[in-house]
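Note that subunit A is present in both complexes that follow, paired respectively with subunit B and with subunit C.
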Partner chain A sequence: MNTKQKYKALTRDLMWEPKSVDMRRMFPLVAVEGIHLKDPSRWEDPFRMTFDQYVRIQSEKDHLHHAIRSAYEVNYGHARVVDGRWFEGVKAFAVAVQPAEYAAHRLMAYIGRNIPIEAIRFATFNQAVDELRHAQIEIKHYADMSKYYDGLHAYSKTNENLWFNTVPKSFFDDALTAGPFEALIAISFSFEYVFTNILFLPFSSSAAAVGDEHFAAMGKSVQSDESRHMALGMAALKMLLEEDDRNVPIVQKWIDKWYWRAYRIFSVISTLVDYYPRIRSISWKRAFEMYVEEQVMGGLFRDLKRYGIRPPRNFEDSVKEKEHYSHATMRILEHYKHANYFRGFTLQTDDYEWLGNEYPNTFKRYYEPFFRKMDDNVMAVAPPGLPAVCAVCQIPCEFPDPDHPERPWTQYAEYNDKTHMFCSPGCKQIFLDEPQKYQQWWWPAESYLNGEFGGSLEEMFKYFGFAPEEANEYYTSRDYHRWIRYREELGLDKRFDPKVVS
Partner chain B sequence: MDTASRTLPKIREHPWDWGTKNEYEEVTLREQPYLHGHYRNKYYKTEYDIYDPRYTAVRSSEWDAFRDPKKFWYTPYVYNRKKLSDQVEGIFNRGISLEVYSRTAPEWVGLSAALYIPMRHYEYAGALQLQHVVRYAMGCPIEQAATFTAFDKQGRAQWISLWGIEFPGTKTDTALEAGKRLWMDDESYRLIREYMEQLLITDDWAEVLFALHMAIEPLVSTLLYRDLNQLALSHGDIVLPELNLVSEEQVAWQDQWIQKFFEFIVLDPCMNRWDYLKVLGYENWPGDYRWGHTLTDPRETPEDPRTNAAIVQEWADHWLPKAMAAVLPLQNLFDRANVDFSVSDSVIRTWEQTIKPTMAKLGLTAQR
Partner chain C sequence: MEEYVGMDLDKNAGDMISAIIEALQESDERVVADDLGVFIKVRAPGRMELRREAVEDKLGRVWSMDDLQVCMASYFGYIQDWDEDHVIIAWGA
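Here is the complex of A and B:
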């Protein structure tokens, strides 16, 4: 037997047609979404990986990763980056992406249990275990950071209760409560295939550029698993499309929904690319063009045309938004930075210069005046009240209409005697397709007004899992002063002129 | 002073506000969110939250307080399993080089194939239903152990398959096909197959753990991975007993955490399914508000009047006799091969030495 045959023998035909119970009781969710399967057994697992191969490859990867992590920790790598404000971005990643990895772990187990196709199940279960890996190697890093910096010490409470976390959490909660095939397309295709490159690659290269070797290594180590997950996403999509023509419109609807859903949670990633690193490797706009427009839309969706699949409904909107996305999102983060666990910051001269050069059509005209307001007073842009947030993506409704950047893009819809608000046409359409579901979204402001967060601001922050001093602006913060002190302690404050040698 | 040896002042000794004693706890505790899931399931138990205590009948005063005795998290787990996997590779390679099976008694070759190869389906079905546990169990400490157990079971299903191809088989998958026919159609396997089919439609995740790991697993794994070793050796087979030793190492850990899990549940006097919120600091949680209406009000959820112990006892009364009955017919396979071995002796020994004492430790009874 060759390797392929052997792999097949090891991993297939392990399940059977039950005799004492009805197959539909065993897999009760297989038909609920209207997906038709004819002969899914012919489908091939894209990444033939046995248990033995998995534990060998992964233990090698982990050995390497933890060696880098330990070196970083003992040598206080955090004090050696070019600017400590980078870690405010890492904090965003820590408390938003890390719990998302964990949610994906539970989700992949759900998919594998409920889709009666062994090849898919094998790949999804490997991925379920991978996602646990990502959650844990990431949290291991933040555990060390938390000993030196603010904002992380109650990360799971923050994840449970804070407004900011409702954004990634509602995305994964949406998939966790969907049917198994939709969840598969949501995560394996829309999230993994379309977007993980842009999640891990630009941010990792920024990490390398600013000198955060640990994060750079972690990004790459995680991404090495993602390539497997992307292959699964592609294969799963093709399988559903090839199984039955009736699946095509269903899958198209999911692609439409989850493209925009995934794109919206990446709003914060755009600020981690354009704003937080003092030395940037690439701009969001350029990364979006490279990873999404060229690779995914130019390559992939051209291939999918023959199945009758067209690009996602609001794809053009995301293209139009690329010159606004990071700035509009950073503006939102600056608005509410006094109630967030990662800080905003006053832009420096070199930031204005870089942003102006990279975004000649938009930054100076629409966004620079806003950021300039903070030059003298870091709280100058703080609004007095609570933000109105989008009923789907849960980001404050503060995105400009990319066709008319002076106007808000905010949309409205009536449902069940209530007016619902949305950040964009993409989110509005998603709501209208499943209003029953989206009217259940949890809005922290409502819980706050109902008294669930306690009666005082102090109690509210306790519920959030951090103190007011851990929020706000970076260069006026205690974390900045700590970082300076760590550098002095290590002698990193000394300056040498490389041009002068005796 | 040499700057490299300087120690930077820390702002806190322990990374998280909840106390952690080791790496395992650092990366495991509070991983799962307990409140404020956004939507209800669209198709399954549509009234429950994403992580909801009502997916099982038993309650805990602190779901996050469970600890895996081996403290496995991802990295130590894959390190450890890599060692086992290397051992298995070595066992198979040596077995092939020594041509062990050309000197093994033919009746044992046939019998061992008939006994082990169908069990790949047993292991796989267990792994499948453990994925249900991984999704619905409360808290990372519990589901994490279930995750690795499911992965182990997939691994064992593959080891058995590989063994079936390389050794008693013809280096093709015909041995696996024959194994599947036995599993599906042979009377010796009917009850065990039906047991697994019943397991696969069991919704309560803690009951799944009981049915799989407290009832049938001790009987099957002791028989397969321990009690047959001497018999195999006496027929000249040194491959299978060595493979069994590796499998048994996995099983020993599974038994350990499962027993700890049921102690954790049965000895918890908690009668209110929302009690665990207190330890998390959510004692005043008013239920899930959505636009002035409450999706879940803990005060209005009817409580089960039975204690955890009584619930687990009911599971025991249901599953233990079925498990005993399911394994006994495997005797047919020995009789057909004319090999002298008593399945019932093995099963009764496991019952007396493992199942009964484990249940007694929990203050429960075991009826067969």
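Here is the complex of A and C:
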């Protein structure tokens, strides 16, 4: 059999019409979002994947990855990176990304269960297994790091309870409580197609540049599945737009909402691109231009015009923010570094130089003074307590207005006798479109005062799963001293002068 | 201006990547390859076709289109067709 026949036999002929149960009772959510479908069976997964093929390809990917992981572990790869602060970035990744992988696994199972289109069901089944694989190979990296460094020893607890983890949680809970088609556009299109490139490609390049071979291999292994996930997002989007014209405004609304939702969760990623690696492969600004502005907006959205689809509502805001994003987010992370298990760090001379060169219009003028003051300890930068967070994305409301960077972008809205606050006009609009969905948003500071985290700061840290010494600044931390000692043990601190040998 | 389509290829796949790039460039001289650290971005205006036979010719051995899934980290454009003999990525499909 050739690829097309095999795909038909092993994937497409797996659905059947139930005789004893009403189709609408079996798939109760398929009609609730107002989506109209005429003949969705003609839609195919462009990869034409069959199960035997899937298993073979994935096991090959795993073999490749675990070979590199073993080499990294037995050679004490952690001590060989160019600067140990890199691992603080990996810890931030552990907060922002890894829980997302696991949540995406659940979400894909939910979508596949509720959409009775076999091409989508099989692709989401594959993706559900993929996401579990991603979560697991990422945890493998933390397991090795945890033998040497702070922060990750009670990972499941931290993952569950840390206040900052509400950022990815709120995103995926929002998608999981949406209808199945909205969830598909949210994750497969907005998250996967528009943004994951920035996550795994520049960050893996940085990982390789700083010498974390395991992380680089992990990132690339994950990303190799993303092409399939992107294809699912694109196929689903086109299917919804071509099946019925009445779907177009619904899909546009979802694109508007989820573009901004996905973009905001990537704020943490922008610091992983621009700040944590001592050697960077590319800046956030350049990565955003290449992947989002050129490939997605220049390519895809130009093509989608023929369906009547326009670029996402707050797209221009994200373009305006590209020269501020990583700096403003790093400033937020610095503000609350005493309450997160990934540390902030004192910028080094080469960091100032790189940031100044890559961001000539913004860094020196708006952000360098803040980081300099912190270096000199002139300003006490740790606000006592937990921040006011955005009612939608749950990130602290400390983003500057890109048109007037000296002013905050924070927005307010009254709903049901309560004032809600938002980090940006994009999040405010999302709230106003579905206020009932967001009105019970969770505010960490409020929960702390209510005693949800225990009665004292000590109990709060216990609840989060780490100790205060595991937080704060990197170069003055015990992890930095450990890293230096490991290097001494391995002789990596030695310099050999060729003149002496000859 | 025609919009670009293309792929990001993982350099770990070694000679396979060189063969894919050579095969693409032989059939269309407008294919550009940029080295971006751990991966290589290949792009072409409007349409890109990768043929299995052309890759086998460059590699000097049997090669399966399944292997593309191991090394294609990302792509842009629509996948218009994918079977054992060729992959076509294009806009406006």
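The criterion applied here is as follows: the second predicted complex is superposed on the first by the 490 of 502 C-alpha atoms of A that agree within 3 Å, B and C clash if a C-alpha of one lies under 4 Å from a C-alpha of the other, contacts with A are read in each partner's own complex, and residues count from 1 in each chain.
Methods note: contacts are C-beta pairs under 8 Å (C-beta built on N, C-alpha and C of every residue); 3 or more make two chains touch, one makes a residue touch a chain.
Bear in mind the structure is a predicted one, so any value in this text is a computation, not a measurement.
Student: Which partner does A:113 reach: the first (subunit B), the second (subunit C), both, or neither?
Tutor: The answer is first: A:113 touches subunit B but not subunit C.
Student: In the overlay, answer first, second, both or neither for which of subunit B and subunit C A:3 touches.
Tutor: second
Student: Does the superposition put A:177 against subunit B (first), subunit C (second), both, or neither?
Tutor: The answer is first: A:177 touches subunit B but not subunit C.
Student: What is the contact status of A:71 with respect to subunit B (first) and subunit C (second): first, second, both, or neither?
Tutor: It touches nothing on subunit B or subunit C.
Student: So, does A:231 touch the first partner subunit B, the second partner subunit C, both, or neither?
Tutor: In the superposed model, A:231 contacts subunit C only, not subunit B.
Student: Specify the partner with more touching residues on subunit A, choosing between subunit B and subunit C.
Tutor: B
Student: When the two structures are overlaid on chain A, which partner does A:56 contact: first (subunit B), second (subunit C), both, or neither?
Tutor: both
Student: Looking at the overlay, what does A:281 touch: subunit B (first), subunit C (second), both, or neither?
Tutor: In the superposed model, A:281 contacts subunit C only, not subunit B.
Student: Touching subunit B in one complex and subunit C in the other: list those residues of subunit A.
Tutor: 56
Student: Show which residues of subunit B lie in contact with subunit A when the two form their complex.
Tutor: Going by the criterion above, the answer is residues 3-4, 6, 8-13, 15-18, 23, 26-28, 30-44, 50, 73-75, 78-79, 81-82, 84-86, 88-89, 120-121, 124-125, 127-129, 131-132, 134-135, 140, 143-144, 147, 150-151, 154-155, 157-159, 161-162, 165, 171-173, 176-177, 180, 183-184, 193-194, 197-198, 200-201, 281, 284-286, 288-291, 295.
Student: Which residues of subunit A touch subunit B in their complex?
Tutor: Its residues touching subunit B are 1, 5-6, 8-11, 13-16, 18-21, 25-26, 28-29, 32-33, 50-52, 54-56, 58-59, 62-63, 66, 75-76, 79, 99, 102, 105-107, 109-110, 112-113, 121-122, 125, 128-129, 132-133, 135-137, 139-140, 142-144, 146-150, 152-157, 159-161, 166, 169-170, 173-174, 176-179, 418, 437-442, 444, 446-447, 450-452, 465, 482, 485-486, 489-491.
Student: Show which residues of subunit A lie in contact with subunit C when the two form their complex.
Tutor: It comes out as residues 2-4, 46-48, 53, 56-57, 60-61, 64, 196-197, 200-201, 204-205, 208-209, 216-217, 220, 223-224, 226-228, 230-231, 234, 238, 281-282, 294-296, 298-300, 302-303.
Student: Please give the residue numbers of subunit C that touch subunit A in the complex, ascending.
Tutor: Residues 3-5, 8, 10, 12, 36-39, 65-66, 69-84, 91-92.
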